[in-house]
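Below, subunit A partners subunit B and then partners subunit C, in two separate complexes.
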Partner chain A sequence: MIPIVETKNLSRWYGNVLGLSDVSIQIEQGISGILGPNGAGKSTFLKLLTGQIKPNIGFVRIKGKKIWNNYALLSEIGFCPEQDAFYEEMTGWQFLTSLLKLYHFSKTEVETQAQKALEVVELTNDKDRVIRSYSRGMRQRIKFAQAIAHDPEILILDEPLNGLDPLARRKMIRLIKSYEKEGKTIIVSSHVLPEIEAMTNRVILIHQGKIFAEGDIHYIRDLIEDHPHIISVKCNRPRELASKFINEDYVLKVNFGLTQDSLLVETNNRDKFFSLLPSLLVEGKIEVEEITSPDDNLQAVFDYLVGK
Partner chain B sequence: MAIKEKGYTHWDGELSERRFPWWPITRYGIKLTFKRKFFKPFLMLSLLPAVFFLAGIYISERLQDFKFMVRDSTSFLKVDPKYFNFYFTNNGLLFMLVVIMIFCGAGLISDDLKHNSLQLYFSRPIKKKDYFIGKTAVIVFFLSLLTLIPGLVFFIMKLVFSGSFKFFIAYPWLPISVIGYSFVLAAFFSFYTLLLSSINKNRRYVTILIIVIYFASDILYGIFYGYFHSQYFSLISLRADLQQVGAAIFNQKTPYNIPWIFSFLVLCAVCLLAAFVLKKKVKGVEVVK
Partner chain C sequence: MGRRAKRTKVFYLISLLPVMMATLIKVTRVFSQRSDIDGLYIFSNMIVVFYLQFLILILSLFFGISVCAEELEGKTLTYLTTRPVSKSAIVLGKYAAYASLVILMTVVGLVFSFLILNANKLHRFYIYKTLLRDAVVLSLGLICYTAFFTFIGILLKRSIMFGLLFSFGWENVIQYFPGSTQRFSIVHYLKSLLPGQTGGRFSFLLFRLEPTSPALALFMLFLITGVFLASSCLLFSLREYIIED
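Showing the complex of A and B:
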């Protein structure tokens, strides 16, 4: 069976800076998560997959065909970039239709496909608003819409959950998963482990431009089970919440943020921590504003895995 | 519920390419230019000289009827290659072309850079070549409105007003000159504008560059000429170079006493430099700068 995406010795440098080194992997149908800290080489990898940059060494094959300079093959790929890539003065509708016109669609097809994509991302009612007025979540969704509008078989999503609030994040995850059910191939990158975990079991860990691990996410979870995680809880009574956690044996350290409204908990069992947290919040009637795992957490996981 | 087979789904259709993949880029660029504030009035204004020249052609054929107007200044109304050369190379028209470049060309690439849109273009079945053709065609379209189209209309109307083919027989090469010089103007201004548009994300900055470089080259020529009294310094002036080449193409005496081929080479050098910079600047967004 030919893999949907195949890379062989894929390497890319930016002058003296290593972007990606010797990546040989095969990706099959379904969702595959590319996980790595910021600057690990995820975006380079995705841009190589979409044929936007040329590898210095190696190649990328999509459905058995080399992607570089194979422009027709790009019709099969939907790419959602990490950064915003909009003409802010365009409406959502204009943005989608102008990009669809770059494919070989007729005028009617352009309108049908754009309409369908807008329905999928639930932006039909806001299609005539200028993108400048869109919220962060709407921007991510319209970006996702442009990736799916031409009905590609392969979706490549670069940090699609960045900047989304929890509700929008859940919606986006559901949307991405619905594409898996349609038999599509989705490659999604993130630097946040739980995000990837919510979408797929298949992960590719990328670190310093190299594939560090590849396979089932549970394997990775087992590896980092005992590794301390830092969780930040922003709430109205952080000291009270800290007192409730301090007796738990899986809580290693408790710190307070500089603004006195956040609590940093270091734990070696995230699951236990998150299962206890809601009940403690309800019991103590503590109002939570935000729960985050600081970005460098994943970097720490990688450091741990490489034995630093 | 349909159960999908896990694995490679064969592509049954044929991967086809659009015949003119660059056309949507051009069409959007033209549409956007027409939406720009003050563009339509300016375009109308810049078409006025063409209307006057056309009226001149008409009057030249009806001198008796317009004797009360023209009196002794009939030499100006002699329609010949010089007349065409004057229309195409006068400072006013060249200035209008520069301003048109600001409206239609300044943001062509800089806006894409500003909005990170290149990655959206190049993740679609669009070649770099198509992207450049699409952008260039926007400039060519607007330049043609002021150069190629009026030039050909002048020629055709001269034949119509005179009611004979004498003019065509006398100057059969003139339409080719019109097309040739329109091509030179289109090529030069396209490369010049796209070069400047690709070096900055800010459209206003590009606008300033388009004006400043064009006029600064002329001022520099004036300064050097003032000191050294050598017309070879006209090679520095983009305007002078365009006028030299124009005069050569319309088979007229060049305005500066130097071989026109030097001016042509300068224009070619600008185009080559632009092509080199554009190749470097316009590419799938690099992750590490």
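Showing the complex of A and C:
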């Protein structure tokens, strides 16, 4: 069976800068998450998939056909770009209908499809407002609307949750998942692991232009769990708290902050650490001001995985 | 306000400058009770001095270059290049829209200034032939220059600077060169479609014109338009545009 999206040795440079290197993957129906820190090559990969840029080496095939300069194939793809750029003086309605006209729909079809897309993203009441007056969240939603308006089979979404508040984010995740149920192929990029985790189990980890890992989210989670974490506890008696942790075998290192009111604990088992912490605090009557994880981000995980 | 809408309004106001000039001239003439200068004569000078040497160049330059540049600057090109339309269709579609817009802007100002300057003989039908001919010549100029600047906008990064040098350097100088050199300017072919002016205050602007026959001038204008539009489509299709996020 022909995969929906197939890339082989896909590589792309911007002058001397590597954008993407030797990416060979196959993407099937359902949601696939492209996960990687900023500058990892996610947007380059998605631009190559949508035929906006040409690979230096390798190829991209969508449903078995090459995408570069294959305009007909673009009617099957909906692309939501990352950049917050619009025809600012257009209303939401004008924006959608103008783009739908490029699909050679009839006037009635254009209006029906635009109306439907606006309803999906809950912007019907604001459709006659100019885009420059939209909030960040509304702009993100109208951008998503233009990607789904022509009812494409393949949806390619570059950081679609950027700028959305938690409620809108949840709604958007639910919406993206609903397209999976309709049998569509969705490729969604993000630099936030929990966002991807909320949408799919299928993850492609991309770092420094290369596919670093590919597969089930649990595999990625396991990699992350093995990664030592630094936890900062700001409290009134950090040295006393340190003495209680020092005998635990999952605590690898203990340091004190410069201000003498914080403790930095490096652990390879966050779950055990966090299950013991409350009882130690209560037992020692230690007052806590703040608990943070300074390296709890994807970049730190990648740094650990690539052995930095 | 959106940059594009603001720019269109500014250029629309510029295109209405001849109407203000015509009104001013008419009012001055009424108050001074002078009737020695013919309205058609003033109008013809306006065509040569203001329209051919300035307005159609500036309108074509800014709108022609915008065909590609504004999509890149506004980072909106992605919305067009991810649709099932060829890149040539994008260029031709935007070119057609902008060429129509600049023609409309120019012709509106042209008609009003003509009517104001010739208010005393609007019942004489022969004067409308002049208006129609001038409107056609200016429209041809706009079509040709917009095609040229569309190509320049796609080819060069600093296209405005080049465009200004071309418009007010090359075009305004080369047309006065004797012999066949003047045929390397677009304005030469436009002037060849206008009747010769003798004795007018600004007749020096047509002084060195060694006109090409109207048929050849028309052919050359269409040829230049076709060549630059085809080159624009080809270049735009072959080039990659990387929009920074």
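Here is the rule we use: the second predicted complex is superposed on the first by the 238 of 308 C-alpha atoms of A that agree within 3 Å, B and C clash if a C-alpha of one lies under 4 Å from a C-alpha of the other, contacts with A are read in each partner's own complex, and residues count from 1 in each chain.
Keep in mind that, in the parts below, a residue touches a chain if its C-beta (ideal position, glycine included) is under 8 Å from a C-beta of that chain, and two chains touch if they have at least 3 such contacts.
What you are looking at is a predicted structure, and each value in this text was computed from that prediction instead of being measured.
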Self-check item: Partners on subunit A (subunit B, subunit C) - clash or fit
Solution: clash
Quiz item: Now for A:4: first (subunit B), second (subunit C), both, or neither, which partner does it touch?
Solution: first
Quiz item: Of the partners subunit B and subunit C, which touch A:183 in the superposed model: first, second, both, neither?
Solution: first
Exercise. Examine A:212 and indicate which partner it touches, taking first as subunit B and second as subunit C; both and neither are also allowed.
Key: neither
Quiz item: Counting only touches as set out at the top, which of subunit B and subunit C does A:250 meet: first, second, both, neither?
Solution: neither
Quiz item: Which of the two partners, first being subunit B and second being subunit C, lies in contact with A:132: first, second, both, or neither?
Solution: second
Quiz item: After superposition on the shared chain, which partner residues are touched by A:28: those of subunit B (first), subunit C (second), both, or neither?
Solution: first
Quiz item: Is A:17 touching the first partner subunit B, the second partner subunit C, both, or neither of them?
Solution: first
Exercise. Once the structures are superposed on A, label A:77 by its partner contacts, choosing first (subunit B), second (subunit C), both or neither.
Key: both
Self-check item: subunit A residues touched - subunit C or subunit B, whichever exceeds
Solution: B
Exercise. Determine, under the contact definition given at the top, whether A:153 touches first (subunit B), second (subunit C), both, or neither.
Key: first
Quiz item: What is the shared patch of subunit A, the residues that subunit B and subunit C both contact?
Solution: 14, 43, 47, 50-53, 71-75, 77, 79, 81, 83, 85-88, 99, 102-104, 146
Exercise. Flag every residue of subunit A that touches subunit B in the complex, lowest number first.
Key: 1-4, 14, 17, 19, 28-30, 41, 43-44, 47, 50-53, 63-64, 71-77, 79, 81, 83-88, 98-99, 101-104, 146, 153, 181-183
Exercise. Using the touch definition up top, name the residues of subunit B that touch subunit A in the complex.
Key: 4-9, 11, 15-18, 21, 24-25, 27-28, 111, 115-117, 119-127, 283-289
Quiz item: Once bound in the complex, which stretches of subunit C touch subunit A?
Solution: 1-2, 4-5, 74-76, 78-86, 237, 240-245
Exercise. Flag every residue of subunit A that touches subunit C in the complex, lowest number first.
Key: 14, 43, 47, 50-54, 69, 71-75, 77, 79, 81-83, 85-89, 99, 102-104, 130, 132, 146, 158
